[in-house]
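What follows is subunit A paired twice: with subunit B in the first complex and subunit C in the second.
The block that comes next holds the complex of A and B.
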């Protein structure tokens, strides 16, 4: 009878499914480089039992967690280890205000809006040694880091002026969640997406309202603001669901993971009705080709050797195969798929002075693999991985969509798809 | 380890039994200046002391049926909060009335509590749900009372430590084989050292029988008859806390009506069955007991239905027959102190029994008074006011957020109070966690092995919580065995100890081996048998069970 009573003893405390096998700790990139961090098993399921007893058992070392979710991918028991750690951090931060540095790093869209206005000055100033030293000592942003350059024109401005009008003329339609990086730093990626989608007969539309997905806000403890923005985005995606551009494409793995999985897990937002509408563009295009709904035609003379790096959140979603297989469709591309290793940046984590050395130590294995691969560029779906790899290896890093746009014979593709 | 000096001394008093009562008596005797030897046949706190709820009764549970016990409990409860702070967690408790219970009983209960001097505040069910979210939300009444959680292992060790600091000797794994008798006078005890098989005799002026349910056998060795009524109770340990306050059912005491938050876990219990005295060493929990505990426990806190059970255990209450009832059938409720000189004509022999873990200190005081009367010692009892080692004034508190402690250090302070300062924590190795579930560091293991009478992993578990977490020793037991093997320079012994420890852990898991607990056990078996071949390395056949 007792067994029957407990037949589905799935507690809301998912940590009790942990059998202490410790596989998570063996894949944790932080535990691999420092003894200061107890590892995901201890920080997550083990520590949680003590925190239920007394919140004083919160271990400050939990701040070293990258939230890369590699532990969750490895866990054979399906324990949401990183979520447990993030929730513990969330609880411990109640009543504390985030520092100016963390607030600044987290508010990627606010910072971007300001910086766009003064982009040439901002780029020049942020790159100067004295500025870096001031930021290093006053703000605790590591002096070795360079902020990604800000664009003079926002992606949305470009889109309004040069692309919006013709989008209705295509037979099919999608929405695009461009994210902060495309909008403020690198509009080219957004333009590449519009180019590719248009070529296969899809018009691209902006959401009614888009705010920063909030991944950095969550990482820096600004949960209330993250929830406000998440509600705006979820409402916009829900609004799009009622239109002919209900699918929402993204070009950033972290934005995607945040919109789909972190909103319900970390911010307690129910997005179950629209979660499946959100897809990374590479996945969406791969599926269209696979189902023979569209055709891609590539340039004859395209020839490059590129390595693909799986971003951690990409691995958590299990979607790297879409990007890899899509890139493999390009005949002239010699694609080297790298072992799955964390690059160490984890969004804003590596920008912080106290994390810089650890961040580089974590990434060193990946950097070595890239060096050994003898490639001219690296492809990845995450913008912060891009900054880290560019800074640490000197190689250019590109989004798979940009590579696709570059390799695509646009006119031939349009013809092949009857556009 | 044991020097013959300990055997050769003549003591004022030898105490038989290393539970809370024996330890408390040893402490009291030592503080009054007596020379003391305590002997225990197994490890300290292996009997009823280590096999109960870990509940620091307010006395409310006894208020209606046994007002004398209730008054003793509340008085001792207040004393322990002062003298044993590091063993106590001041949780407070609730007595809840469910729709199936009679709300009238609440009035009877509150009145009885007030008579016994126990604070009992009737609170709104809504308020009860707010302060203890795990409580059955269908409750129709609630009373808040000063129950708390207490760790009986720590409590016993703290008493033993203080006794030793005041000159007492304590020996575990020394079993009583008989008395040294001189006509009608007890002059000492005959012991078997179970660690090396040596038979010894040790002399004393008085012997105190504090052996709990086994006291009947001890008394028989001196030709004295005491009728004990063993009452068995089974309990279940859940993998983590669902409640942060003690929750009781507000009704006549019955099966599974108390849920106690103990350190990182919570415990539901108990059943109550009279058993024959011959079976008191059989601690196996039956399927029926598990069923009834779970069925009733879910009524207290519905979450228990979906929470992993990590093990089941049982203990035996040492109830004793009233001397004034010639039939021997009526049970004496409170503390029973028998001077066998007066009662049976056997000089130099006193039995202290009945009572509860809660009243161990008072039992120690009562029997020490009797010992002192025999020996002409007039020193007053100070155990009610003098803090136990670990709980002195200014001892650190694990909840102190202003101090920067590592996880393991915080856990160690929770377990050892101020004595945690004796744990080495200067380097990374000493701070490394051996038991990750319970936050036990290498330093704490070394401290326990060197200073807390640890002979094997089971002893170590009682002193530190190694292996008490959800993995039940899967990871820590191997590490701990390796440390002990190194400290003792005995690899083979460490392997055997490891196998015995894992076997002992499995015994408690077996009655509740389904779901995640079964997966856990299977992984453990796979690692130690399949991967390490421990069952091949160690011959467990015919090995005497140390427990």
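The block that comes next holds the complex of A and C.
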């Protein structure tokens, strides 16, 4: 009885549990570089008290929040600070339409479909100075940004033509939520995943229907569209859950976080029955090796020095451990784990003209750490961190699955697993 | 996932224990639910400051008169000196430069201007070895305009009571003024981020040099050096007079720096640090803890040979209370606490409070116990330990450091 009374006294977003210690503000990457943003304590639990009285207390500065969730990770009292801020933004945006620029940036799959058709032209045009200047002034997309190159062939097209047929021949099976980045920009990562999974005896299968996870839609205030797409994805994952490929693997930390945690928290979609079916591929593979269900055999001559960057959403999920420990299994890999810092891009945030300088200022600490680490490449599970770090440090950035695929002696691994 | 040791709690004791184990070649994971109370530390460690209201001058000697239930006595009074030396060295290895001796307390100055006995204090902070021989006569207390986590009047009065001739000087620079735009966030940590460049520091030094005419020593609130102490050294080099720092109210830059440096050192040694995750349960069998589940890795338990509970006291949720009992919320371990809730507190917030002495029950090796049975591979360290009142005795950080190192030795079988 006593316990229940204490719990019942909390509201849904538990802002009463804030003790005003200000630790969240000390780790906020935005508050660190601009006085325009009041910091997560003020924007979150403090401001919420006022907004409850009168929604007019909504402060436009809340739009500067990156939704990196570092405040939630640091909070000693478990307050869902970033969720409070996002909900306030969501409420304040009701009745407003997102700008053309935001709609375009947020619709990563629509943009990708068009760009794939005309990939050589799109890549060349998007890279031209005049195009960049027009986008800068008309669309307010910063001229310093380089759009990630679009692939000529979608991942799903490659998969259908070159891989789909043989997948049923493996003894075990998984599904794969490839996401927009793999499908339109970097099919190689998807191919690497198929290569690794096949080598350890797992056939890979696409979902019946996959749409963009919607992380950028949420960030840009397109909640209705995000919810529609989230419902499609959740239904597809639920459908897969009833088959022999019930585990749905991902290779993007942000897609994973969105599918598992933001759907219920931000879009009010109940995914509790299938949430544990969704797993980052590194986590799934690490666990198979850990439980001695599969073996990995690595190339003898593999030798590299790589730094691992924990993406903010990865840290929020708490799964960096799996990617790090999986990479540590590679004998020739000298892995430096970087202090967790925000890279500043936060999906589409850093692409916007008004955010460019702030975005680079936020990332500067991380870029310095990377420089100091003296490595030949950086590993991270997030594609937008990849763009930001590649643009800002000049170093190649790779997904842990691609590093694994590169280091793996595929033939020996297949033999070791009886394939 | 299998580790040699899993530590629950990423504050001072958890990190020190993790570093000690990783240095001895162990695979260690720390599960840290949010930032710790180290973030409130102004830059001093205390071994033992006070017994029954009397200040202690030699902690190593005084430890032998503590009751047997005190954590130092459980560890063994004769072991404390070596462990204290190891702790000081480990802090230095992590980049935390502190001065002091376990055999002779010095005085640190609190943000309210009170002198308290301390064992180690950051090199740049105001430290008084002998109250009869102050390090300076005339001090200029620099007060940053708009900064509200420093009660300047009380601090100045406190320093005067100690015998200093104090002049308070308000100042600002363009960089600092810009911060006032968001007055609610004009905190030490925001200032530290604002005053990073050499030019910003030079502007502060120019003000100090122009305004502190007659003073022998300049005091500045501790608002520099979030990542390391390089900004502090730079500013000291720019000032014409000796510059010392005084602790501020939380959030504290020095505490953040110590936390960051220790975590960085631990990771460099190969340790895993899981921020923002919490251990929620464990499986016990035959008096041993087999594995633990965390909030975020819930369907994949973490296995280890040994486990260390470093979850802190009530404020860090290492201990909890409801209307009926005081309990340890992760495993429901046995606790030393009064059953009658009327005994927990006493009227008057500054009175000694019984609940400060509460903590988990441990044996001489700091093993925990559950339902009266010792858990042979689960240890407790730091503020979750029972048997002392850190506020009244001034021994909290010391117990965190000493118990962490003692348990690391117990686990690896060292002396």
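What we mean here is this: the second predicted complex is superposed on the first by the 410 of 419 C-alpha atoms of A that agree within 3 Å, B and C clash if a C-alpha of one lies under 4 Å from a C-alpha of the other, contacts with A are read in each partner's own complex, and residues count from 1 in each chain.
Here, a residue touches a chain if its C-beta (ideal position, glycine included) is under 8 Å from a C-beta of that chain, and two chains touch if they have at least 3 such contacts.
Note that this is a predicted model, so its numbers are computed, not measured.
Colleague: Quick check on the superposed pair: does A:286 touch subunit B, subunit C, both, or neither? Answer first, second, both or neither.
Modeller: In the superposition, A:286 touches subunit C alone.
Colleague: Touching A:276, do we find subunit B (first), subunit C (second), both, or neither?
Modeller: second
Colleague: Once the shared chain is lined up, is A:317 touching subunit B (first), subunit C (second), both, or neither of them?
Modeller: Only subunit C is touched by A:317; subunit B is not.
Colleague: Classify the contacts of A:21 with the two partner chains as first (subunit B alone), second (subunit C alone), both, or neither.
Modeller: Both partners, subunit B and subunit C.
Colleague: Which partner does A:57 reach: the first (subunit B), the second (subunit C), both, or neither?
Modeller: first
Colleague: Looking at the overlay, does A:49 come into contact with subunit B only (first), subunit C only (second), both, or neither?
Modeller: Only subunit B; A:49 stays clear of subunit C.
Colleague: Thinking of the overlay built on chain A, is A:94 touched by subunit B (first), by subunit C (second), by both, or by neither?
Modeller: A:94 sits against neither subunit B nor subunit C.
Colleague: For A:35, using the defined touch cut-off, is the partner it touches subunit B, subunit C, both, or neither? Pick first, second, both or neither.
Modeller: Both partners, subunit B and subunit C.
Colleague: Share the list of subunit A residues that count as touching for subunit B in one structure and for subunit C in the other.
Modeller: Shared contact residues on subunit A: 2-3, 6, 21-22, 35, 38, 41-42, 46, 77.
Colleague: Touching residues of subunit A toward subunit B in the complex: what are they?
Modeller: Residues 1-3, 5-6, 8-13, 15-22, 35, 38, 41-42, 45-50, 52-54, 56-57, 59-61, 77.
Colleague: Subunit A touches which residues of subunit B in the complex?
Modeller: Going through subunit B, the ones touching subunit A are 239-241, 244, 261, 263-265, 287, 290-291, 294-295, 298, 303, 305-309, 398-401, 404, 406-407, 410-411, 428, 433, 436-437, 439, 469-471, 474-475, 512, 514-516, 519-520, 523.
Colleague: In their complex, what parts of subunit C are in touch with subunit A?
Modeller: Residues of subunit C touching subunit A: 1-2, 29, 33-36, 39, 178-179, 181-182, 184-185, 187, 189-190, 193, 250-251, 256, 260, 263-264, 267, 272, 274-277, 294-297, 299-300, 315-317, 322-324.
Colleague: Residues of subunit A touching subunit C in their complex?
Modeller: For this pair, the touching residues of subunit A are 2-3, 6, 21-23, 25-27, 31-33, 35-39, 41-42, 46, 72-78, 276, 283, 286-287, 290, 315-321, 324-325, 337, 339-340.
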